[in-house]
């Protein structure tokens, strides 16, 4: 059988990424406690394709991913997987993007009740001749109380759910656990969000949030200051999308920058 | 050319619906003022397929829809379109479902500023030997302030955007305009939602909503009472999905019933 | 603290469902092999609210769900959970809807390579004075080759991914495993779908699918016949949505019916 | 009333973007024929916020957008809007992102039937002290027939719908109309996609696509060559996402580059 994928190409166009997207796969994430969390991953995997090759054998991505879905994944394991992808495909560059819901136990502030809250997280690895870049991502739901609404109103203040979206790079030898990053981000809103709140909890959350009003601009700036104060982070992007309760659209703020 | 679609079928299975879904098409909606609104429609069209026919000529749906996209659509026009579908396909039943964003002018309560707010609406028509049923749908964003949070807290109260989703049937000779239905639904929340609010507006909205706290249960019950008091409505379903600002999930209530 | 939720209500409106939606939670599904699958669940839980009660203590849903997320779930366990919900809320009716991605091993037809394929599945339980109704759901990706395109063309035939969506009820003492239902549904398309196919597999899949062209009407009818021939099923609804490769919309067919 | 938005800030953090997202608004797009197309726009508008200002008056974005929704929009008008945003907000940078479905008439290849096909398009403008950058975007559905499947199979070849996603910059005095760009992109697949095809059309489409098999790698490379040959384009990014009919995931290729 002739193999069109293996043919040479004369169009002279290098492709930055060739691979698969939207693959759902159970994967295991290394947790801070040393244990493993089995999560539902959505995966994107690709390699660079030099101009002289026509195509890529896509099935190899899924074979490699299936094998790796049985092992624990964290920043360092992704580098190993990417090395295997580069070698298998004889490619100068390999990429992996993994999105998953991660759960952490949240304790209600007064009753002490514990329940599981979900966070949209991501790992991205990019390995090329220029080195290895790992990007950690977390989208954390928070509550924002509007400072303007509180200031001008005789009573009440509009508030809403907002999503604080952070992507960051760390020094090669730094491991930043989601278990540490997520609580840091949750503390940047007017208050955090909880799956279970009994009535004394709800009173505490309502009052504490009302006492700590924040614009999206405030949330992003405070988050940036907190990330700058965290050792080992070399780059960040921070966005806060607030689903305004008085509007049918979002207010948002965005900032990014390198550190050190 | 043999036409497999036109073959007879011996499996003996009637199909309730055969047609197309997810077709995007610009359509014209008849407005209360007598004018026409050009909107972006997402269309589903189908006919029943008797057990003795193998298939349906799907291209005819798109041909008919393209022709109708140049005419105004409201409840009565849908009946005409469905009659044409039934005749073209020699089918006992024809269905049309149309979803579209509809815009109405909203006036801010103090400044009087006017801006356009979007509402997810739908028309559905079902014509069979048992008659014609038209279902009108509107999903209206509102604000809900939690009565429990207000009651137990010394200051503030959590609030959020909620969506009030209504579907209803009317008497054959009743025309219920979206221009009348939507404001009726908006008035069932703690307060309405606006694209533009200046600071005096924001003060008015915050205070009025705080003075009118409502659970999703309250919103749905008050909506049902308002629909029962509206002449010509014969059936309703009402759901309120509240995107709780203190949780990462929704609270909801649902009720449905016939009138008269 | 006054508790507005516990107040009585004079509006006289019964609500069919009051509860929570969009809650993400890891849950454990009982597998045919006797083992447990940990999956990511999206949950909806509700009770009916009699007209004389103002509200529902929503936090109890999450407390109960958190406790149950540590136990295995299948049709019979849902009945137990619903009984607990009815009792906790003193309600005549309780509802649970659980959506999750389920993975089964798929073997490539020639190479024999095994990989995991994902299926969108659902469990729904409804317990009231009228009894317990459990609805099993599975959305299975298949391939459809168009019989018309094959018939009229000198070479080739358009084909595409389609989703076969089935919901069904079974007799109280019947357990229909997803491990048995899903392969039954996959065999109704022109051919199944695979995460990994090597070149000899791809040849086999292409040719077998081309030799077995099917309209969405054919897929739905054949599925209905297969479900009717499966002992213990008392009701079904079947939809096939085909993402036509020659159009930007879907072709679909739908049928439902009771058995016995 | 104290205005917290207008306060000064001492945190020393510049924000790249502060504004609104997810606003739905009817807008008018300038067409090649000189006419105007009324489309449903989803809008994002933002300005940069210097470190010494605490917040942004978000309502002004919606006021300006409402006023502009009554005028025609194309690349040059966006520059004017952005100038107004910069001036209103006294900001060094303003951004607008507009996403909309655009319709073009498609003629079936044999019957000559004309129908409307929808394309997801976008305009993005970024005005700062470094100048004005306009990005034009179009996501065009095409059909891809797999060359490998065709080569190795005795009959048939798997094919599917794919989306060709292009973003590009042009020289300041170049106007690239969607009416010209979209047909150029459609011709890069194995064949185009149509809302209405009669049986002779379907035969022609099936055979022509079968005679022109293409990998996603081929589609992206041929598109890049076509864009390089189009006068006035200075930068492009091209992605092809193919919804493989034999898999439950996508195959994709991506390339980007500057010209001249």
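A, B, C and D are the chain letters, set down in written order, and residue numbers restart from 1 in every chain.
The working rule: contacts are C-beta pairs under 8 Å (C-beta built on N, C-alpha and C of every residue); 3 or more make two chains touch, one makes a residue touch a chain.
Predicted, not measured: the structure shown is a model, and the values here were computed from it.
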*So which chains are sitting against subunit C and subunit D at once?*
A, B
*Measuring centre to centre, with centres taken as mean CA positions, what chain is farthest from subunit B?*
A
*Length of the line joining the C-alpha centres of subunit B and subunit D, rounded to whole Å*: 29
*Between subunit B and subunit C, tell me the centre distance in angstrom, where each centre is the average of that chain's C-alpha atoms.*
25
_Rounded to a whole Å, what is the gap between the Cα centroids of subunit A and subunit B?_
35
*Of all the residues in subunit A, which ones touch at least 2 other chains?*
1, 3, 23-24, 62, 118, 148, 152, 195, 197, 199, 203, 248-249
*Which word fits the touch map of the chains here: line, ring, star, complete or other?*
complete
*Residues on subunit B engaged by subunit A in the complex (per definition of touch)*: 117-118, 141, 143, 145, 148-150, 152-161, 193-195, 197, 199-200, 202-203, 205-207, 209-211, 243-249
*So in the complex, which bits of subunit C are touching subunit A?*
1, 3, 23-26, 38-40, 59, 62-63, 66, 69, 101, 103, 113, 115-116, 118, 195-199, 203
*asked:* For a test of understanding, state which residues of subunit B touch subunit C in their complex under the given definition.
replied: 1-5, 9, 11, 13-24, 46, 49, 54-56, 58, 62, 147-148, 151-152, 213, 215-218, 220-222, 224-225, 241, 248-256
